[in-house]
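Take a look at the structures below.
In the two complexes that follow, subunit A is the common piece, with subunit B as its partner first and subunit C second.
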Partner chain A sequence: MKRRVFLGASAAAATHWLWPESAGASSALVLVPIVAAGSPVTDISLGTLRRVFTSQPVSGPGGVSFVGFNQPAGARERELFDRVVLGMGPEEAARYWVDQRIRGGVRPPRSVPNVALLRQVVVRYPGAIGYVALSDLDASVRPVTINGAGPAAPGYPLR
Partner chain B sequence: MADAPEVTAQIESRRRLISRVRLKLRLILMSLLIVASLSALSLLIVRSVFSSITPSLRSDLRWKAQRGVAELSHSGDFGVLTGNLQQLQQSSEHYTSDADVLYVRFRGEQAQVLFERGSARGLPMEEQASEAVAENALAFVSWAPVVIEGLRVGDVTLAVSKARLQSGAELYRRMVILGLLGGGAALVLAFLFVRFYIAPILRLTERTFGELEQSARAALASAEAKTQFLANMSHEIRTPMNGVFGMLHLVRQTELTSAQRRYLDVLASSTRSLLKVVNDVLDISKLNAERYQLLPEPCALRDLAAEVGTLFEQRALEKGLRLSVEVQPSTPEGVSLDTDRFRQILSNLVNNAIKFTEHGAVELSVRASPASANASPTSGQHQLEILVDDTGVGIPESERSRLFQPFSQVDASSRRLHEGTGLGLAICKKLLELMGGTIEYLPRPEGGSRFRIVVPVNACAPAAPVAALPEAPSRRWSCERPLLLVDDNEVNQLVAVEVLEGLGLRVDVAASGHDAIEAVLNGDYALVLMDCQMPGMDGYEATRQIRARQRGARVAIVAFTAHALAEEREKVRQAGMDDFLIKPLELPALEQVLSRHLPPAPASERRISSRAPGAPPPGKAATPAAPLPASALQSMAEPLQPGLRRPLRAVELFLTRTPGEIELLRRAASEAEFAAARALAHKLKGTAGSLGARNLAQCCAALEYAQPEPSAAQLDTLLAAIEQAYQLASAAMRRELRESQRPPEVSSA
Partner chain C sequence: MTTRPGLRRALALSVLTALSRASVAAAQPKQEAQPEITAQPQVTAQPEATAQPTVAPSIPEQSVSLADLDSQLGAEPLAAAEPARGLSVYGFADAGWHKYFLRPGSLLRANLYEDNTFLVGNLNVYLSGELGGGWRSLVEVRFTYLPNGSRVVGAGGVQRTSTDAADYTNVSLPRQTGSILIERAWIEYAASAALSLRLGSWLTPYGIWNEDHGSPTIIPVTRPYVIGLEFLPERQTGLLLSGSAYLSDSLTLGYSLGISNGRGPIQEYADLDENKAVTARLQLNHHGAGDLHLGAAAYLGRYTNLDQVVQASGDTYVIDEPIREQYDELSWALDARYLIGGLHLQSEFVLSQRKFTERGRPMRTGSFEFQPDDRRLGGYVLGGYRFDWLGIMPYATAEFTSLLNYWETFRSPTRDVMTVYALGINSRPTTNVTLKLEGNLGLFHSEHAQGSGFEHPARAIQAQVAWAF
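What follows is the complex of A and B.
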């Protein structure tokens, strides 16, 4: 059974409409960006997400640099996220990172082997941003809206 | 004591045995050394292998520690960040299951231990700089910080055991120890084997060999002494026989009654028989001792066969036998043979045939066939076949097996009809064996005997015709230049001078080698007769010096010696002498020698005697040689007996000189100059012998031929005997002198 997680009373009140309880029960994959529960970040633009996950330096609130943590390659979450955020399919994304490596460019964000660990990493690593399926949310992390839209909002991009 | 050949054969056999034993021992020793060497080689190989493997293994382990910690810091970073034990366990699973990994530890940001496997006891756990590897005897220890996107979240430590290195080193140590032990054991075994097995065997075999060698040396020395004794005896017998033959010859030229001439003929015949016996015994001894040396030379076979026929023609006629000699045309004119020995063989067979044939004929036939089909009759190897057939009594079958054995005669009974030593056929067989030939007896169906000789020979240019025959009448020699006779023995001088002068030759005499050299260099001689054994400078040395110093025409020098051994012939040839004349001097032999070296006399002077056996003596006017003076006759080798007349001058000379010579002899002996003593004894022996002082001559001979060299005490004994013999002889001679000077008593009757 999936639990609804509220990171704080104010935050929960503010975002209650954004995270309907039934939203996570849908059979379609819906991704949610997450940060540590204590992070001041509540919303992020799709462009910021793109820059973070293409290893561009991006500073968040309080001057803390965002650090993206990916799901493992081949995971459905990773495929959807790359397609929506980076605009690349799996093969295209792989070629992109190989190309970056060859050119001495940036390295891809680290992939974390499983969701549980990803959540822990997001919790423990300062400035960490990850993403999980809506159904994998728990209270240790805070979901972040994208351009102010939550998963229940029409036009939510990570679905 | 064993015979020398037998001992030599034993020694050879033992030598081979020892060689085999030594070979085996050497092989065993070599095997042990090879084992030791292989052990050492194995050690070297192992050492080499470990030397190359160890650094590689060490490098691998070190790399494993470095690489491992780098991998762990990467794979375990999220585990370290999150403190997720399961994640850390999974990340380090690959290493914790590795046998080489001793210890894995993850620590968090505050150095709190998050995960640990294995024991860190004894490991160098001080925190290292990244990439650095600490090590001690147990392990390589590597440390690395765990960093995620530049943020240090903890560290990881990995220790890789050095157990594999240690076990390799341990294995190497064990192999070295084993190798050393193996090699050492092989060496110890080799030493023990040599010490307790080889050494006793070698000692035993060498001792046995030494004893055998000693026996062999003794046997060989004995054989040498026997041969020397034979040579000496030959010399000793021939010397007096020289006198006998010479005197016989000279006496025959005096006026004799027919009875005296008959007696002389018998005496001459007996003397020749005696000489033949001596020669036969000497020959067979030399042949048995394998000291006989053949002297091959070009030999005119037809002439040789004719000569043998002529030799026995008279005897055959006397017995009413027909003696024929046939040489087939295919026979080469000349072959390489020891002519003297071959003549001896043929003479022996023909002599036997005549001896044992009473009626009928004796036939000597010679034929030859090429040894190979393509050899021409005048060159190459031939098989010479000689048949001597007679119509005599033949030889019973039971006796044929010992026909060629020494001292065996078909009729060995005391009543046997035919004289002889029984050595002739044995000598023939051994001589033929030396020549590579064979002799066999073949009975003739019609009665009588056939002896068949087959000898391989090489054809060559024919030799000069054989000279005068032994019993040919004496002839006179016309030579303007004198002959030089070199001999220290006065008796021999006298005989030879008389004989030579009797042949119409002039003779000068030299009594030593030095005198001979002086005479030859300052005079002009047609021929030199050189005694070989003389005190001071012997005949060989004198000849060598003459040959070296003489300028102008080369004078012929003939060895005149009582030594009849074949070695002597070779020795005189090597010294530079041209011919060989054996004492006792026999006229035919002398004439043969003279004919080879002197120009022939004019035909009118050649034949000086046509006296047939038994014919009356020639008149004095026709006799070339004057009768020997009475003094000379009396000085011949007669024994010292009461009443024997000796030349006055010789006796006086003997009595005057001998004490001095004995003193010299004693001095030489006291100064250990044995060679000088031997020479002095030789000289004194000759003088004493010529005057009939036989005891003195024998004592001198004992000193001269003493073998081995006598000790001082033995020399003293010999010298005392010589002095005593001289005292007795001189007393007897003085007595004779006094008696000869006493006026003859007039018979009162």
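What follows is the complex of A and C.
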């Protein structure tokens, strides 16, 4: 089946109506997966996120491998993301990666020290997927829905 | 691997399916269902093998490397955020203490150092290389004090191997030398999620704790006896194909298919019979209410050990290769693991059948009868619960092993059954450190056990600190 790709609207406009609360985000932490603004990816499943962020090989459109980029360990965003997507708390996630490394050399996704750099990496690195707080979105990156749901949807997982 | 001898010693296709479906749009709330979006099918993540070629890559800098990225990002280089990924050196080690409680005069004393003993166990170093373009390599070596102190039981009693050598850097004073074991050394090319090719020496993909063999990750002090006995070879040298198919968002099917030299006295670099061994494994992982892992593996191979005798034949010499030992083996392994919250349930079962060839059936050591064919089997169950506080996990294990007696040559090759129970505490107070304290009880069931090492139960207390570095 031939798929068509939505590339017309600007990332900023898409951000506005896909994520209406981004103009006035509450203090509660809400995360959004992000890709480069020019990426054809608009939605991703929670399972795919989990695979990407456990360093399993997953390809996106055009055969480009997804590459996950984490927020730094200890960040609230990282903790929430690991808890929801990986199903692990900080200690458990840390143990998981130690065990994985000893098992066969599989390494965790790179962590990027700050959000500004993370956005730049996502824009520039092919296949990159990151995640930021809703309030940290800007026009350089595209927010991605999870299983078709945005932060306004009931049951949105990354909150 | 290479756990130290302990009481137990004595005693992981094609069905690639789209990961995420465009139909998820139907699940989107009304306020988000904008006309522009619904007119455009969502592009969702696809497994590599099913990637849509009609979607033109919209990311232009596909060849950008991290180094390139660093230079573009200017003052905040990405590579500086984490250690360089070219070559990574890390590993694990463990040290501990144990005390075995054996009956005076028990033959087990010939294999176990009974007295309470501190020891350094594993010291394994990994060299992991990201080689680019989908290539990576892993080399793991274990530094060991062996063979110094290794005991050989023979007619003359028990003798310890000495590796004393005159150290020329210290006025030739004696030094006990050790050795290096190559645990694995392979290079791998990942063609896609569905196919990776690994060449070299790799740990046989079966069960859980054969590959997951680092002491910080193993819950008990030592691995179950059935793993250490190598009913399937611990490692093989050859080609291993592996991959995963994402059957759904929560279900992953993995496979491994290996062809190797099989088991042999010098299997790492020579196949003495050109009879290649085949290993196959399927595993299913489900992530839902907890993580469920199921695996099944099979190994089919021929072991051959032969001598080489040079004989004169007229004006020439020929090499005769009489077979010293040869058998065919078929082994099966099943494994299951379920994790939910802190609960950890795990089990493995292995069955191995060994049939000697007509020319390759050896004599039993020290006797005048031939070694019989054997069916060996064993398994274990483990249950534990890890609390948040200090990462403490109380656990219990029960294991059994059944095989024909082959080590006590004064007894007939009748079936011995060993059951070992353990209660212990495993704690991971920090990410890289694991503390273990365990008590063991070994019960044996053997015909004609009188005078055997299995005549009486054996008990042990073991403690271990394992760390990853």
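Here is the rule we go by: the second predicted complex is superposed on the first by the 137 of 159 C-alpha atoms of A that agree within 3 Å, B and C clash if a C-alpha of one lies under 4 Å from a C-alpha of the other, contacts with A are read in each partner's own complex, and residues count from 1 in each chain.
Here, a contact is a pair of C-beta atoms (placed from the backbone, for glycine too) under 8 Å apart; a residue touches a chain by one contact, two chains touch by 3 or more.
Everything numeric here is computed off the predicted structure, so don't read it as measured data.
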Would you check which partner chain A:L29 touches, where first means subunit B only, second means subunit C only, and both and neither mean what they say?
neither
Taking the superposition as given, does A:V67 touch the first partner, subunit B, the second, subunit C, both, or neither?
first
Could you tell me if A:M88 is touching subunit B, subunit C, both of them or neither one (first, second, both, neither)?
neither
With the two complexes superposed on chain A, say which partner A:A75 touches: subunit B (first), subunit C (second), both, or neither.
neither
Can A:A149 be said to touch subunit B (first), subunit C (second), both, or neither?
second
When the two structures are overlaid on chain A, which partner does A:R51 contact: first (subunit B), second (subunit C), both, or neither?
second
If you stack the two complexes on chain A, which partner ends up touching A:V112: first (subunit B), second (subunit C), both, or neither?
both
Of the two partners subunit B and subunit C, which one touches more residues belonging to subunit A?
C
Examine A:V121 and indicate which partner it touches, taking first as subunit B and second as subunit C; both and neither are also allowed.
both
For subunit A, what residues appear in both contact lists, the one with subunit B and the one with subunit C?
110, 112-113, 117, 120-121, 124-126
Residue ranges of subunit B touching subunit A (in the complex, touch as defined)
77-78, 81-82, 84, 87, 148-149, 151
Sites on subunit A touched by subunit C in the complex:
2-9, 17-18, 20, 36, 38-48, 50-52, 56-66, 87, 89, 91, 94-95, 98-99, 101-105, 107, 110-114, 117, 120-121, 124-127, 145, 147-150, 152-154
Residues of subunit A touching subunit B in their complex?
67, 110, 112-113, 117, 120-121, 124-126
What does subunit C use to touch subunit A in their complex?
19-20, 22, 24-29, 31-32, 34, 36-37, 40-48, 51-59, 61-62, 64, 69, 72-73, 76, 78, 81-82, 85, 88, 90, 92, 126, 128, 136, 138, 190, 192-193, 211-212, 214, 216-217, 244, 246, 248-250, 252, 287, 291, 388, 391, 428, 431-432, 468
